[in-house]
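What follows is subunit A paired twice: with subunit B in the first complex and subunit C in the second.
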Partner chain A sequence: MINLATSLGQTQTPEAVMFWILGPSAVLAALGMLLVKKAVHSAILLAWVMITLAIFYIAQDAVFLGIVQIVVYTGAVMMLFLFILMLVGVDSADSLTETIPGLRPIAITAAIGFGGLLVSLLGRATLGRQMVGLTVANTDGNVQELAKKLFSTYVWPFEVVSALLITAALGAMVLAHHQRTIIRPTQREQSINRFRGDSMASAAGLPGPGVFARHNAVDVPALLPDGSAAAASISATLKARGDVIDSRIFELSEVDTSVEEEK
Partner chain B sequence: MSTTAQLIGADPGWLIIVKAALVFIVCVVLTIMSVWGERRIVARMQQRSGPNRVGKFGLLQALADGVKLALKEDLIPAAADKVVFILAPIISATTCFMSFAVIPITGEVTLFGHKTAMQLTDIPVGVLYVLAIASVGVYGIVLAGWSSGSTYPLLGGLRSSAQVISYEIAMGLSLVAVFIYSGSMSTSDIVAAQGKWWYAVVLFPSFVIYCISMVGETNRAPFDLAEAEGELVGGFHTEYSSLKFALFFLAEYVNIIAVSALATTLFLGGYHALPGLGFTETWLGGWFTLIWFFIKVLFFFFIFVWLRGTLPRLRYDQFMQFGWKVLIPVSILWILVVATLRVLSLQGASRAVVLAFAIGIVIIVMAVNILFENSKTKKKNMPVAQSAKPSFAVPELPIQVSSINVSQKGGDRV
Partner chain C sequence: MNAANYLYVSALLFTIGAVGVVVRRNAIVVFMCVELMLNAANLAFVTFSRFNGNLDGQVVAFFTMVVAACEVVVGLAIIVTIYRSRRSASVDDASLLKR
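Let's turn to the complex of A and B:
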């Protein structure tokens, strides 16, 4: 392992190059995350910010932290975000109309003020004790030393946080869970019912839509032998929406089939 | 810090670039060959001959297909989100190569006069790095599904994200036992720790769980629900054509090789020779280990093809149930067992204690299995609800024959 931070305060050239490429790109991505209209674009930019942060951690010799940042945040948390965001569709974008007049200047002022406060506070923050340096902290290896700290000094907060997370997950499950009022038939029961029911009509599957040789779109019901439309051949959603075309217009008798004779 | 890490750390810059290029070339060539190999093997399993026209034995078929794909018209659907639509295959194709950076392909060899090992870099958390890269690679599939702006790709993308998140947990848990036993997360240390016994033998349950979840992770049959052609047309890549589709195609095969390489590294002793053939490791100045490595990788690849040729696709809910209710609990219990054994052996417990513990575990597992089987037979014997007799004529159901008395003439039915 190359020790990049051997001399404190001095940055080696490769690290400086990496910083000046990734740093601005991270800041741009973070700003873009706030400013783009589509939620999924925002999520991608946030994922990029997380990855650049992870690369910075790795460059600072916090290899484990950097990799875990990608696995946990980019791989799991952001992926779950994306999972939800994908359901909103490609075309949807945030509406930019103000519902409360004058909200935008107030929000911008508050954001800049809060940001300034954070920067000034964090800039002046001290650890309260002397730094020991990476070489001392990582005597037995980065992962081993982290594990020692987590499972000895910080075992109580660690366990409390995990209990909190489990409680949150259980709570979400309890809130989202609902008791079935009727038992859902299993695949086996459904299959048996298809053949033991009053009618054999559904035994071989529902009829497909479309009129033979004339039209095969999903919104055109198939015709039964007596010329009436087969209701089962159309999706219930289309029926409810009223998006069904009368199949009789495709009947041969309705179409002009006369052939003009040549003179 | 392992000796391999020191060996690689001394590489000059140009050698790193040469090794990176070599890894890239090997991946691409292996992809082309594995596409051909898969088609030939599946064909043999289905009593066909497979591609045999382009080149000797059809060896150049995949290359010809690649050229054909590249020359096709590149379509971007009107409803697609253009930027993300182009970005998605690029993410897929770039991340799949990155995991090879930490895979030790050979032992100590001499390359252009430099003593080195065919491994691009060795970081102390190498295996976690592979997991991280895999989780970024999923973005390609998920974003492809979303940006296409149509229903089937979206469903494929959703399925894929749920699938990979669930199976990555099982995969990560199966690796924990390896970390506990080898005392390291670096790939070269893990290979070195397997000098005597492969972890596929020592940690057999972990090996099985990893093998199952690596199929789930790469979206391959029987877990290819993200591109189930019977249900979702092509899944996430339905709207893709030409080079963008080729990138997804490439990514899928490179991913297969990557997870196979990781399985080789973690469970089959990496570049080490088969037990008893250790003397071959010094042949060709150490380069013979490369052959061992690729034999093991191709063995896993053959299993991938075999699975595809044999098993039908799982139903989605069964697939998720299997991941969450079987693989994850089993691997957590197994980690408990492994950790206890490890602590016992590290604290110098006598062989009798370890043996007693192991026997206790085996007895518990067998008891649970018996209870499970009993409840299964009970469930099977439960009466099926009978509905009323249908109003139309049906053929009579076969008579239930409980026993046949053969002693009497004609064999009366009782």
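Let's turn to the complex of A and C:
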């Protein structure tokens, strides 16, 4: 029995150089993805793996797939991942403690077994002939030949996939849809509430945040005429996040306002 | 270089992705590991397409990409929904049915 290593053809030297640079870097990046703590770093490493795979595709005469890989994966999918990461909270580092005791050793043992099995299988498998290569299959150009396949042999899966895409888009919309639990107050009702509420203090709207020489930001409260800070001038979201600067340091009693008299 | 080396890379990436799905707890990272596994399978498809000299492998890889895109859209929508109700994206926190 001849194994895959001898029965297959050898590649050209430039491709070999490319492979030995990019292949290990892809595997290392994937390993790093497992080991880094922050999800954003994982995402960046995954983007690198995907770009590497795109280069592999192009090197293997799958030009269309290589471009699609860059456009769809590193472009759209990774962007979506990063978008959701920003939405869910970037700084939420994954705690690396195990919740199921002994999970990690078992997982690593299973992975070594599985990976070892795959690699040894590949080492012993045989194709029975030389590598054919895609020069004949790509005579009219990779995109044209792919299109011929896609719109003749694979036209039914192609249609099914389009249905799948529509279903996924609908599903995402249904999942992202948020049912209101209370009826949204109209402008008229808001106005009535402002003027018929307990106090008229907010009748003209809440005060805006303060703008000072030291801080020019929405996290600084405005000062009331008596020099005390107006708590209502800070957005409730910032307060909930804890991003508000303590208003007391801005109160006039604390700030040195004495002006030296010129003589 | 032997062209089968691409298959070894594919196998390693798939294994690493599988470990990530089991070990990591942040739902988004778990999801990224699933993507890594899909990509590894795609690399194997493209390599075998080159071995056999026909483009069917590439067509299948193309379909895999479409399915992966659908999966990302729905999966991330689910993660956002879970995050909205539980304020956490950890897969261990969403174990309400256990209790």
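Everything that follows uses one rule, which is that the second predicted complex is superposed on the first by the 144 of 263 C-alpha atoms of A that agree within 3 Å, B and C clash if a C-alpha of one lies under 4 Å from a C-alpha of the other, contacts with A are read in each partner's own complex, and residues count from 1 in each chain.
The criterion applied here is as follows: a contact is a pair of C-beta atoms (placed from the backbone, for glycine too) under 8 Å apart; a residue touches a chain by one contact, two chains touch by 3 or more.
None of these values were measured; they are calculated from a predicted model.
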{"item": "Contacts of A:Phe64 with subunit B and subunit C, given as first, second, both or neither", "value": "both"}
{"item": "Which of subunit B and subunit C A:Phe114 touches, first, second, both or neither", "value": "second"}
{"item": "Touched partner set for A:Leu165, first subunit B, second subunit C, both or neither", "value": "second"}
{"item": "Partner chain in contact with A:Ala203 - subunit B first, subunit C second, else both or neither", "value": "neither"}
{"item": "First, second, both or neither for A:Glu189, with subunit B first and subunit C second", "value": "first"}
{"item": "Which superposed partner A:Phe56 touches (first subunit B, second subunit C, both, neither)", "value": "second"}
{"item": "Partner chain(s) touched by A:Leu134 [first = subunit B, second = subunit C, both, neither]", "value": "second"}
{"item": "First (subunit B), second (subunit C), both or neither touched by A:Leu28", "value": "neither"}
{"item": "Contact breadth on subunit A, by residue count: subunit C or subunit B", "value": "C"}
{"item": "Subunit B versus subunit C as contact partner of A:Leu224, first or second or both or neither", "value": "neither"}
{"item": "Common interface positions of subunit A, toward subunit B and toward subunit C", "value": "64, 68, 76, 80, 87, 142"}
{"item": "Contact footprint of subunit A on subunit B as seen in their complex", "value": "1, 5, 9, 79-81, 83-84, 87, 123-125, 128-129, 131-132, 134-136, 138-139, 142-143, 145-147, 149, 154, 157-158, 161-162, 164-165, 168, 172, 185, 384-387, 390-392"}
{"item": "For the subunit A and subunit B complex, residues of the former touching the latter", "value": "1-2, 38, 40-41, 44, 47, 51, 54, 63-64, 67-68, 70-71, 74-76, 79-80, 82-83, 86-87, 90-91, 141-143, 188-189, 192-193, 196-200"}
{"item": "For the subunit C and subunit A complex, residues of the former touching the latter", "value": "1-9, 11-20, 22-26, 28-29, 31-33, 35-36, 39, 42-43, 46-47, 49-56, 58-59, 61-63, 65-74, 76-81, 83-84, 88-90, 92"}
{"item": "Interfacial residue positions of subunit A with respect to subunit C in the complex", "value": "4-5, 8-11, 15-16, 19-20, 23, 26-27, 30-31, 33-34, 39, 42-43, 46, 49-50, 53, 56-57, 60-62, 64-65, 68-69, 72-73, 76-77, 80-81, 84-85, 87-89, 92, 94-95, 99, 103-104, 107-108, 110-111, 114-115, 118-119, 122, 127, 131-134, 136-138, 142, 145-146, 149-150, 153-154, 157, 161, 164-165, 167-169, 171-172, 175-176, 178"}
